[in-house]
Amino acid sequence: MGRTARLVVVSAHAADFVWRAGGAIARCADDGGEVTVVCLSYGERGESAALWRAEGATLESVKAARADGATTAADELGAAIEFLDAGDYPLRATDELLDRLVARFRALAPTLLLTHSASDPYNLDHALTHELVLRARMVAQAEGLPDRTTAPLGATQVMAFEPHQPEQCGFVPDNLLDITPVMERKRAAMKAMDSAQGHLVDYYAELAVRRGVQARRNGAPSSVTHAEAFQQVFPTVGERLW
Amino acid sequence: MGRTARLVVVSAHAADFVWRAGGAIARCADDGGEVTVVCLSYGERGESAALWRAEGATLESVKAARADGATTAADELGAAIEFLDAGDYPLRATDELLDRLVARFRALAPTLLLTHSASDPYNLDHALTHELVLRARMVAQAEGLPDRTTAPLGATQVMAFEPHQPEQCGFVPDNLLDITPVMERKRAAMKAMDSAQGHLVDYYAELAVRRGVQARRNGAPSSVTHAEAFQQVFPTVGERLW
Amino acid sequence: MGRTARLVVVSAHAADFVWRAGGAIARCADDGGEVTVVCLSYGERGESAALWRAEGATLESVKAARADGATTAADELGAAIEFLDAGDYPLRATDELLDRLVARFRALAPTLLLTHSASDPYNLDHALTHELVLRARMVAQAEGLPDRTTAPLGATQVMAFEPHQPEQCGFVPDNLLDITPVMERKRAAMKAMDSAQGHLVDYYAELAVRRGVQARRNGAPSSVTHAEAFQQVFPTVGERLW
Amino acid sequence: MGRTARLVVVSAHAADFVWRAGGAIARCADDGGEVTVVCLSYGERGESAALWRAEGATLESVKAARADGATTAADELGAAIEFLDAGDYPLRATDELLDRLVARFRALAPTLLLTHSASDPYNLDHALTHELVLRARMVAQAEGLPDRTTAPLGATQVMAFEPHQPEQCGFVPDNLLDITPVMERKRAAMKAMDSAQGHLVDYYAELAVRRGVQARRNGAPSSVTHAEAFQQVFPTVGERLW
Amino acid sequence: MGRTARLVVVSAHAADFVWRAGGAIARCADDGGEVTVVCLSYGERGESAALWRAEGATLESVKAARADGATTAADELGAAIEFLDAGDYPLRATDELLDRLVARFRALAPTLLLTHSASDPYNLDHALTHELVLRARMVAQAEGLPDRTTAPLGATQVMAFEPHQPEQCGFVPDNLLDITPVMERKRAAMKAMDSAQGHLVDYYAELAVRRGVQARRNGAPSSVTHAEAFQQVFPTVGERLW
Amino acid sequence: MGRTARLVVVSAHAADFVWRAGGAIARCADDGGEVTVVCLSYGERGESAALWRAEGATLESVKAARADGATTAADELGAAIEFLDAGDYPLRATDELLDRLVARFRALAPTLLLTHSASDPYNLDHALTHELVLRARMVAQAEGLPDRTTAPLGATQVMAFEPHQPEQCGFVPDNLLDITPVMERKRAAMKAMDSAQGHLVDYYAELAVRRGVQARRNGAPSSVTHAEAFQQVFPTVGERLW
C-alpha cells in the first residue's frame, strides 16, 4: 500500500488484546505499522481472580497490577497502550466513554480496527465493546463534530478477533493470519499477564497451533505453524482476489 | 505471491461468467494470470429466449450462437473457454459431469475458483453448480484417484460471484474488486452476448457503478468507479490484515 | 387483479395439502380461483400406518384408500386433484418426475404455487418436494423446451405452507390467512383422511385456532378466529404496502 | 380496506425518508392516505458534510438548512413532517425521546410504520431507530399509560426501508412497491436535499430502476419501471394470498 | 446429580413465568428443588388491560392486584416470588436494576436460570430481560465485586422459555419438558392471573397439548400429554448423550 | 432410563468415527450400551494419502489396510463395525445405499444416531452422509415398507459430531461430553489409524483438551479434562432441565 498501517486494538479488559490479537499486533509492528492498544478497563473485577486472592488486594492494587502486566505485554509486542479505566463487569456505554473513544479514533486515525466479536453470551462486556467501536467509528466519520481540529475518520475496516468459545459467539473466521514469526513474542506477552490468568498461556499457545493447522488446510505453506483467526465486519476492497 | 495465478471460472450457462465475473477475469488476465472459463451448458434452453424467437431456430443453432457469443466474450476478456455441454434447465449432476469437472480441475490446477452462490431460489442450476464445484474440488484433492498422471489439487479458495438478486440468494459481499481499468472490455464482452440477453448490458454496467460506490464507501480511493462483488467460501490465509 | 387466480398445490403425500393448506384452497376456490392439487405420492408407505394395520392390506389397497380420501377432501375444498404416484419414503427426484411436474406447470399456468417448506429434518420428502417445485418452476420458465405448444411460465410466487414442527424447520410465517369462513369445510376435508391419520384432525383444528389468535395479535379483526400460516419464497410486488 | 391509511415514517436523520421511502410516501398520499414523517434528528453532524464546508456554518445554520430541505421534500411527496431534534452521530435513546415517540404514535395512530432496518454496521443511528420504533410501538400499545386521553395503538405493522448497503445489513426485501407513477416527484424531493448530499440523487434514481427490474422479474407487469424495496417485521394478515 | 437444584426464573412482567414456565417450576419444586421467581415488574402498564378497565383503577391498585395474582400462582407452583418493581412498557436497564439482579444471583446461587428469549420484536421488555440476565450472570461471576460476603456465581446454564409467537422470535426448542404430572397445577396457577389476562389460560393449556404431541413425535412415551419448550443458551456438559 | 442404549455411528469414511466420536463410543460401551459403527466407505481415495504412497498400493490394498485399522480402533472402543463399501470422493447417494442403511437401522434399532454435521464445504461426503442418515431414519420409520419382519424405527435422536473446521461448517456445540475416563482408549484407537492419517492423533488429543476446558467453563467439575462436542438435530424430551 505504501502508506503506514495504523492499527488500533480496542480491548474490553486489559488482557484480551494479548490472547486474541497478540500475534497480529507484533506482526503489524514488525511490518512498520503503528499499533495502539486501547483498554476500556483493566478487567479488574472480572478477570483478575488470582490478584484478588492476594492478601490485602484492593481495587487500586488490582488495577495497578493489571496495568503493569498489560504494559509489559504491549511493550513486548511493539504497541503503545492506553487505559480508559471505564470499569468492567459491567462495562457501561456512557456518553463520556463514547466521546473519549471518538477522540482517540480522530487522533490516531486508524487504518484498521481490531476488537471483540459482535456477540458473546458469556461476556457482554465484549459484545458491548464491539458495538461501541462501531458507534465511535461512525461518529468519528462525521463532518460536523464540535472538534474541528481533527479530520473525519475514513472508512476504516473493523475486524473481530477470536472469542474464547467461537462457535457460541457466531464467530466464523474469514482471515487466518500467519503469526509463526512472532509466536515467541506472543508467548512472552501472554506470560506478562501470568499472575492473573496464567492457565490461559498454554491454552492460547495451543489455539495458535490449531489455527496454524487450519491455515495450512486452507492453503498456507507448510512453514506456517501458528496463526490467529479474524472475522471482518465490512467487505474489503482491492485490486485482486488471487 | 510470485507464482502465476490460474483462475478457473465455472459458469452454469454460457453467459453467466460475463455478467458476474467479467471484470475479475480481465483484471486477472492483465495481471499475467491464466484464466479458463468452464461453461457447464450453453444456457440453450433457459437463457436464450431471443435466439429461440429467430425463424428456424433449433437446439443446435441456439447452442452454436451461444458458443460464438461466449467465445467472443472470453477472447475479449483474455480467457480460454471450454463447453461441457451438460444441458440446462435443468442442469443435471451426473457422475459423468462430475468426473469431467474433476479432470479439468486436475489438469488446470486452479489457484482460485469462481462460481455461483450456494443458494439461488430463482435458478437451481446456479446452486447446483456451486455444489458441483465444491464436490469436484474435494474429489480432485484425493490422493487415490485412478488417474495417477495428475497431482492432487491443493486447498484452492472458492469465491461466489454475484447472483442477479443478491439478497434473495443470501449473497453477502466480502470482497469488492476494482474493475475500473477493464470496464470497457467487460462492456464489450457483455455486448457479445447481446443477441440473447441484450437488456442485461445496461443492467450490469449500472451494477458495476453501484458496486463502485460501495467500494468507495468501504475505503477505496475515489479513482475506483466500477467494481464487482464476491463472497469467499473459505477463510483466506495471509501475512497481513492491513 | 381482475385475472383468475390459478392455484397449484404440490403435496409430497396425499394428505399434506389438507392439513397444511386446506383453508387456503377452499378460500381460493370460493374466490373464483381454479385450484389443482398435485400429489407426488399417496403417502402409502410413510403416512398410512392405520391402513397397513387393516387385515389383508397391500400396497395397492393402501394407495387406493389414500386416493379415495384425498379425492373426497379435494372435492370438499373445491379443488381438482392429480396423483403422480412417484412413491414415498423415500420420494425420489427422478428426471421423469421433474419432467411431469414441468408439464403440469406449463399446462396449468399457476399464478401461485403452494408447497412444503425448504427444510424439514423429520421428513426429507417434504424438503425434496420444495426443491422439486423450485426446479420445475425454473424449467417451466425456459423458452427453449422441446414442447413448443405451451407458453413459458411467468414469475409465479411460491409459498410454503406450515410444517408439523415449524421452529425445527426454519419456518417463519409472513402471511396469516383468515380461514374462518371455510373452517368447517377444512374440518370435513380433514375427516376424509381420517382412517389413516385421524388424530391429526383435532391437532390441526387447534392449530388453526392458535394461528387465528396470532392473526388477531398482528392486526386482524376479532371476527378472525381461524388462520393458516404461510411463508413466501420470493418478494411480492404490488401497488401498496398499506 | 375502506379505512384511511395513516403512514408514519420514522427517519433517523432528516434525509433518510427521501432516499429510502420517498416513493412509498408519495404513493400513499396519492392513495388518500395521511403520511407523517418523524425525523429524530436533522442529520446535522453526520450527513451534512457539504453544508459544513460553507463559510460560517454553525450547528444552527446546518440544522436550519436541513430542516428546509426536508420540509420541501416532504411537501413534494405529500407528507407532513416533524423534527424531534434529538441529535445525531450519535443518536441517543433517552427516556425523553422514547416518551415523545410514544406520544406521537398515540396521537397519529399509524396503520403502518416505516423505518430503518434492524441492523446496520455502518450506521448505528439507523439500527437504534429501528429498536426505538419497536419499543415505542410496544409502549404505545399499553393500556396503563399515564396519558388516558389517547387510545392504545393497535398491532401496527412495521416495515424496514432499504439501507444503503443492503446485504451488509441483513436486509432481504419481501415487498417491492411500484413507484413508477411517482418517480418524478421522488426525484424532485431528492433534489431538495441536494445541497447536503447531492451525489445520492442519481444513485437512488438508479436503485429505483434496479428494483424495478427486480419487480418485473418477480411478476410485475412491464409497465413497472421503478420500485422501492421493503422488509416487513411482522406477518401480514389477510383474506387472500393470490 | 445429588446436589439440590436451585432454579431462578427471571420474568419481565408478573405473569410471564406462569404462562411460559409454570410447568417447569412445579416439576422442579416437586423434584425437591428450590425455585425463586424474580419479577422485574408487575406488568402494570402493558399487561393489565382488564384491571385498568375496573373503576377507580390506579397504578397502585393495578400493581397490587398483579402482585396478589402472581403470588398465588407462585404458591400454587411451589416457588418463592420477589418483585423488583422496575417498571414496564418500557422496562429500563438501569444500573440499579442490574445491581439488584446481581445481588439476587449471588444470594440465590442458582444452578439454572430461566428467562425470556433473546429476541422478541413484539415485546422489547422481554428481549431486554434476556440481555439483563446474561449481563447480571456475568457480573455475578466476577471475583472482584465490592460485596465480599457472597461467592462468585458458577457457570450457570440459562434457558429461554417460549415466547408468544415463537417463530417470529427466532425461538427453536431444543428441550421439551414433560409437564403432564403438574398440568393441573399449572392451570390453577394460570387462573390466578385470570382477572388480567384470562383469555390466555385456554391458549397456554392448548399450547401444552401441542408441545406434548411434539414431545411424543420426538421420542417421549405416550404417557406424556403436556409439555413446555425451552432453548438453552450454553452447551450442556454431561456424562452421557444417550 | 433403564433400557439399553443402542448407539449407531454413521461414518462417511473409515476413520471419521475415531477422531470425532471415539470418546462417546467408548463411554457408551462402558455404560453397557451396544455400539455399532457403520462406515459408508473406507475413505480409500480421499483419506489414505500415506497408504497410496506405499509401493504397490492398489485400491484393494488400501481398502484392506483401512478396514484393518478401523476394526482395531472399533475393538479398542468397544464397538462393532460394518463397512458398506459405497465408495468415497465422491460418496454417491444411490438407491441401493439408502436401502442398505434403512435395513441396518431397522435391524439395529438405534436409540441414538451419531453422524456428520449438516454442512461441510470442505467435504461434501460428510454433508451427504448427514442427509442420508436423516433420509434413512425417515424411511425406517415408515409402516409400509416391503420388509414386514422388522419394526418401524422410533423417533431416534440424531447428533452431529464435530467437523474438522467447526465454524466453517456451522457447527455449534450444544452438548459437551466428558471423555476423561476413556481418553487413553480414544488415543489408542486413533493410533490404530496411524499409518494413514498419523498427524491427526495429536491434533484430536489437543482438541479434546480444548473441549475439556470449554466443558469446565460451562459448568463441568474440574475433574473433567477431556471432552467431545456434539450438536443435536431434534429437541430432546425429558423429565428435568436441571
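We just call them A, B, C, D, E and F in the order they show up, numbering each chain from 1.
Assume contacts are C-beta pairs under 8 Å (C-beta built on N, C-alpha and C of every residue); 3 or more make two chains touch, one makes a residue touch a chain.
Bear in mind that the values here come from a model prediction, so they are computed numbers and not experimental data.
Participant: Between chain C and chain D, how many steps is the shortest route if every step has to go to a touching chain?
Facilitator: 1
Participant: Just to be sure I understand the contacts, which chains border both chain F and chain E?
Facilitator: Correct list: A, C.
Participant: Would you indicate which option in E-F, A-F or B-D repeats the interface seen between C-D, with over half of the contact pairs matching by residue number?
Facilitator: Matching pair: E-F.
Participant: When chain B meets its copy chain D, do both sides use mostly the same residue numbers (more than half shared) or mostly different ones?
Facilitator: Copies use mostly the same positions to touch.
Participant: Report the chain whose CA-based centre is farthest from the CA-based centre of chain C.
Facilitator: The most distant chain relative to chain C turns out to be A.
Participant: Going by average Cα coordinates, which chain is farthest removed from chain F?
Facilitator: Looking at centroid distances, D is the chain farthest away.
Participant: Would you kindly tell me how far, in whole Å, the mean C-alpha position of chain E lies from that of chain D?
Facilitator: Whole-Å distance between the two chain centres: 37.
Participant: Averaged over CA atoms, how far is the centre of chain B from the centre of chain E? Could you give it in whole Å?
Facilitator: Comparing mean C-alpha positions, chain E is 52 Å from chain B.
Participant: Quick check on chain A: which residues sit in contact with 2+ other chains?
Facilitator: Residues 122, 168, 173, 214, 217, 234-235 of chain A touch two or more partner chains.
Participant: Chains as vertices, touching pairs as edges: which of line, ring, star, complete or other describes this one?
Facilitator: Graph shape here is other: it fits none of the named patterns.
Participant: Got a list of which chains touch which?
Facilitator: Those chain pairs satisfying the definition are A-B, A-D, A-E, A-F, B-C, B-D, B-F, C-D, C-E, C-F, D-E, E-F.
Participant: Considering only the defined contacts, which chain B positions touch chain F in the complex?
Facilitator: 95, 98, 131, 134-135, 138-139, 141-145, 158, 233-235
Participant: What residues of chain B sit close enough to touch chain C in their complex?
Facilitator: Where chain B meets chain C, its residues are 44-46, 48-49, 52-53, 59, 62, 88-90, 92, 121-125, 168.
Participant: Which chain D residues qualify as touching chain B in the complex?
Facilitator: Against chain B, chain D makes touches at 122, 164-168, 171-173, 203, 206-207, 209-210, 213-214, 217.
Participant: Would you pull the chain F residues touching chain E in the complex into a rising list?
Facilitator: Touching chain E: residues 5, 7, 24, 27-28, 31, 33, 111-112, 114, 154-157, 159, 173-178, 214-220, 224, 227, 229-230, 232, 234-242 of chain F.
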